[in-house]
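Here subunit A shows up in two complexes: once beside subunit B, once beside subunit C.
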Partner chain A sequence: MSHFYYLLGHFNPVETVTMSKKVITREEWEKKLKDVNIRKEDMNKLVMNFLVTEGYVEAAEKFRIESGTEPDIDLATITDRMAVKKALQSGNVEDAIEKVNDLNPMILDTNPQLYFHLQQQRMIELIRCGKVEEALEFAQEELAPRGEENQSFLEELERTVALLAFDDIKNCPYGDLLDVSQRLKTASELNAAILTSQSHEKDPKLPSLLKMLIWAQNQLDEKAAYPRITNFTTAALEDPAV
Partner chain B sequence: MFGHRRPEEVTELLGVGGSAAQGEELLIAIRVAKNQIIGNIDKKRRYTQLGAIPKIVSVLMDAGKNSEDDAVIVNAADAIGSLARGSGEVLGAVVGAGAVPALTEFLFHPNKKVVNASACILEMIFQSKLAQKFDFLKEEARNFVGLLLNSDSKEVIKLAASIIVRSCETHGEQMVCEAEFMEKLIILLRGPSDQKDACLHSIAAIVKNNPEVSSKFPLKEKGKALDTLANLINDQHPMTRFLSCKCLIFIGHAPSDMEELELKYKLVVILTKLLGETDQAGIEVPFLLRDLIANSMELCEQAFSVNIDECYFRALERSTQAKHRVGILSVLAELSLVMDEYRGKQMVLDAVLKVTEGGPEDVPEDVRVAAWSCIRSIVKSIQPLDGGVLYSIEFIIPLFRILQDPSVNVKILAFDSLEIIAGNYYAGKSVLIKDGPKQLVQLTKSVDSIIRTKSLRMLRNLMFDASIADKDKILKELTLSTLARLIRDSEHTVQEQALGILCNLSSSECIKHIFAEDNLILDAIIKQLQNESSGDELITQGMSTLCIASTGSEPQKNILLDKILLPQADGNAPSLAIKFLQSTHDPLRVAILWFLANLAYPDGDYASSRLTRLQEEGVVSQLESMVNDPDNDVKVYNSTAIFKVIYVEYVFRTLINLLL
Partner chain C sequence: MVVNQESEGNPIDLFRLASRWRSGAEWKKIVEEMDSDPVPSHLNTINSSGLFHIVSMDKMSVLYTATPQHGHDVGVVQADCPAPTKRLAYYFEMKVKDAGQKGQIAIGFTMQHFKMRRQPGWEANSCGYHGDDGYLYRGQGKGESFGPTFTTNDIVGAGINYASQEFFFTKNAKLVGTVAKDIKGPLYPTIAVHSQNEQVTVNFGKKPFLFDIEGYMLEERLKQQAVIEKLSLQPDVNYSIVRSYLLHYGYQDTLRSFEIASENTYPSVPANGFDDQRDMYALDRRNTLRQLIKNGNIDSAFQKLHEWYPQVVQDETSIVCFLLYSQRFIEYIRVGQTGDAVKYARSQLSKFYSVKSYEDLLEDIGGLLAYEAPEKSCLGYLLDIPQREFVADAVNAVVLSTNPAVKDAESCMYSCLEKLLKQLTLCSLEKRALNEDQGEAFYLHRELQSGGRAN
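Presenting the complex of A and B:
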């Protein structure tokens, strides 16, 4: 027994083998956050940047009037860009191509991948409408030459042409090509190209800031227990686990 | 919709007059053509084949004259712009069709779209150098470009910048552009990124290689111009970062809050990180970086301190353009000269082997040359105490292999590297002697005289200070018949190296080989001496080689005398002995005199008969006439020769008289 207590005496119950994390209480955390100054103009610019990039032209116009924040892009161009996006989202690919060429003829001339995806979308729309022969002729004339030059184009072309092999195209292995999501994907690519051509960043800054927040929290998780944000819609602080 | 009309149908409707469409129908046809052409390489080709270009140009010019609907002008200009993009031929056709004046007028059109469309095409024309340069010494030209720079259209400003780049070449033109446009260009750097880039291009063209212009730059924008440029080196766009670095390097001054070396360090880091870019900027980055760090130890060390794995080797791996790879390799070659880290050198060697592994069939010559230049730089930089790299077989074998490369320039690089190894590093030399002679001898048969010369020089270097066994091995591989052929080569440089091979032998070995195989080498040397075009230096070298032979045996001396006293092909020409004694080239006269002195030396069975022959052939009288030779050396040797000749003759005659 005396040996056991002797041995016990050699271990301080407070010490552990692994390093413990620093604990920051909600009170401490909120105090630190209060000390960080954010300028209202910067916040307004972030909001305007989001509205402009995502194409919410009326909201951007109203926000400009209310906050006095100038957009970093001509709001008239947003209307043009949204018209292109709408045409594509509705499946009117040719209309979208005409509109983007009117906006800036260099965009499709300098983005072969985007142009291929638009042509691919045209073919998908022909297949959706049941215009099989027209779709095949279109594939042969417009898409096949590009497939010969580029392996990734060829693979995408093969997937698209494969739709024609199935009776029930919506439930075939490549049925996702007929989803609205495919139109949205192409529309998003086109929107990004237009923004880049206008020397505007193709992604709004707010999502990047959120990503940075998530990353910073993940890094801090390894070193401390602190009031983190899990729900980004409410941005509520959760008490640290002790 | 545009997709359903065939190009043939549409082209029929284009043009002015005749069967061409008019009004609304023409506008529809142009729009259909435009929307089919943009982005579509096959349609561009088809419309060009169908002759659409002159038709659309005529529509454009006609629309301008008749102040028609702007939509026709815009769509026609967009169609032409798209057809011309990336095709110098189409651009040439556009210029040839007389479109430039009409497009120039459209720059001042009230419709912004017309202005932009025209500016885009004109910018392409000026960038391709199809248009004439502007003469900036003329006020009219300066005013016009000044007007363009004041436009509120970004496309027009970019056009003005292209005109400046195209027309600003001479020192005088740069001075004028600096005075007229520099302030405005710096202000325009605040615009959108493509406008910034265009203005940076112009600034670079104005300041390049012009210290007078560069010295004025820091004063621009109320002294803030350099700060403006320095901020742009951190821009988010790679092209902007590259161009602003280029401008700062050309200007050569740092902003007020920075030392010049500090700025250069920053530029090195930025340019190094741009090496991985593969667009047009990326291709030029390595060359700019190379020029910046060349001959500067500190800047090379700075370039090396950046993550070399990522910046250089990964960039090289990912690069798809030959010129880009050449550029990165040229930076590595510069760094290799100062790299003192063994690991770095090994990495460069690995990178070179990887980039050239496809061989001459797959790897362009300029890439191979740039790659092996790195190896030459490493070899030059190796310190004597450096471990491992140089004389490892893994290092030397690739160098041997590239001696087989079809490119002469690559072979020369291999030779340069191998020579340094052979000359400086004993262990490396022994590897070369073991594996090199066969391949080097093969290269002495090359049709390229530079390769023949270099391979002989290499063999000569290997023989220098080598063991007798090694020298024998090399000569055996070379063969006397090959050596004789090379002594008679049509190129002097080859002859010189071939004779040099003999000089690297010991006297006895040299003599043995000169007379071997029925005097094969001796006859080759004599032929070289008889050749009028050989030149004094080469003949002197040949004669000096025969001087060694003239210390041989009696029969050998007699053979030599026969050869040197042989009458020339033309019966009137003197023998080689007389000819060389009469030469105005002093080293040659010294050489022939030594030769004769050795032959006349009174120690041998046939010495006296040789003396008699020398007298009979007029050599002695020639010698007597040279007594007062202005060259001291000749005088000394002359005295020796005459003394020997006259003394020995005197003794001989006295002896004969005594005997009789």
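Presenting the complex of A and C:
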């Protein structure tokens, strides 16, 4: 019996080594954090990049003055881009298309998918206003030919046309198409296309870095217990789970 | 009170705040040095047996001179140091000058005490791609079918992908294949020759590689990015982080425009009431101070501080005072009033000479006097906008620390954004440290420089 326990005692440490993770206490972690240096200028650039990419043109201008950070794009181009976005967000798809073409006709010419989504949005707006016949006509003339070219376009077209079959369109299975989020989705696709055409990154860096933080924390989780940050708006450290 | 603590304890702490008293060039160097392992540059002539082969004078080529009798007279040569690990990937190439009698040439990785008369891959903890059969050998005498054979004039490469933990091999600019890296510990780039007149030359990166290693690494990064981009964030988190950043640093005009513009998208103010209040503290005053310093009006900033927060400027030798006095001096230099600058330094800066930790910094700003065109000198960065911003940030921080509602002074020194970025950097460094120092760490500076994510 004693021999058996001896064996257990012998194997136990081996087990703990393989089972448990390295623990980094809050104190140790905070000390290490102190040694990490982030440049103010770099943070400013990150914020400027966010303002510019998301189209906060006035804020970007003010930030340039207040922080001395140069934007990485001509601020005038943001105004045009925002006008397009605004038109789309308020349901004025034709106006948005016209404005994009004024900006650069290549954008829609080279993006059939974006163009289809804009036309689809136009149809959704018609249905929203109850212009059923106009919507149907538009679907047959403008959308159907494109649907034939592309299977995924066809599916989306079918979903959209299906809206016409319901009296209470808001509560029908395809009601999500009428949601504001659908407008935002199309608007952000258009925004990205314009940015790309201006050889600017289409997404701000900040969200990518925040996602990278989620990823990096998850990765480190596999190897160690350490103070995590789960609430990004307070950035408070949590005690390591031991 | 916090200020006193700081100056009694470690006075440099205030310099940590955000930016640093360092030029851009110095910053670049610091980041580069952080990850600078030694990189192999030539072949090691000391530990190779030398019985069957000769390494050239420039230590870049090897020639098999003997007549091989068996499997224990291979001519193996390692690089002068192991492959560096603190990066995404390591890679080197060799050119087969002459495949000799049998073309029994190999390229791969071995550990320090490898048996130098055996082909890489034949012994445990080694890996090699062999030219005569195109097989891959991983620690056993028996190889596995892997890629094409290689011979005279072929350029063959071997690399380690630290992100995917794989070895990869190339032939004439094409990727041949990858294989899991199951060896732990430092790995030496290794080549081997094993029949008469076989001759190979290595390239450790002094000359451009034939294989597009940059493209390979970019692809690897994009793969990682695609995984990361799939993660989801709370929709308004970006907004509230930017907003609290503007609040924290007192960029009041920007904040106003930002809030007006986002009224429709984010109608409700983020609900983290306490943090919001904390960030709001003394916003108007902080903004005024920032503007004064930003415009080089240090005297007025001093005056306001004396009026509003006498406690932070009470101690004349505190860091905040030092920074303000220094900046005043710098402003004299900027407008070319050298005489006034000297006078000012004598009356106001001399008291800091007794404080050891200011020595280097005093030397720097004093050095400005030595140049006819200081803005073009190596100290020119002191005259740049970021230096004013740095001083303004330090003042901003000490004002924030006077908030009676704040218990943890350290935490109010940093914006939420900075805390998150620090966390990200530290997580990546710790993860690497727990992974035998393998892989790339995150540095914001490098991340912003690389750019081009859209492509």
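Criterion: the second predicted complex is superposed on the first by the 224 of 242 C-alpha atoms of A that agree within 3 Å, B and C clash if a C-alpha of one lies under 4 Å from a C-alpha of the other, contacts with A are read in each partner's own complex, and residues count from 1 in each chain.
Keep this in mind: a residue touches a chain if its C-beta (ideal position, glycine included) is under 8 Å from a C-beta of that chain, and two chains touch if they have at least 3 such contacts.
Worth saying up front: this structure is predicted, and the values here are computed from it rather than measured.
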Joint occupancy of subunit A by subunit B and subunit C, clash or fit: clash
Touched partner set for A:152, first subunit B, second subunit C, both or neither: neither
First, second, both or neither for A:230, with subunit B first and subunit C second: neither
Which of subunit B and subunit C A:204 touches, first, second, both or neither: second
Touching partner for A:181 - first (subunit B), second (subunit C), both, neither: neither
Larger contact residue set on subunit A - subunit B or subunit C: C
Which superposed partner A:108 touches (first subunit B, second subunit C, both, neither): first
Subunit B versus subunit C as contact partner of A:56, first or second or both or neither: second
Contacts of A:90 with subunit B and subunit C, given as first, second, both or neither: neither
Subunit B - residues contacting subunit A, complex: 1-3, 31, 34-35, 38-42, 78, 81-82, 85, 117, 120, 192-194
In the complex, subunit A residues that touch subunit B: 94-95, 97-98, 101, 105-106, 108-112, 115, 118, 122, 138, 142, 145, 198-199
Subunit C residues within the subunit A interface of the complex: 16-20, 27, 225, 227-229, 231, 233-234, 237-238, 240-242, 244-246, 249, 251-258, 260-262, 270, 272, 275, 290-291, 294, 385-386, 388-390, 393, 415-431, 434-435, 442, 444-445, 447-448, 451-454
Of subunit A, residues touching subunit C in the complex: 22, 24, 29, 32-34, 36-43, 45-47, 50-51, 56, 58-59, 61-63, 65-68, 195-196, 200-217, 219-220, 223-224, 226, 229, 232-235, 237
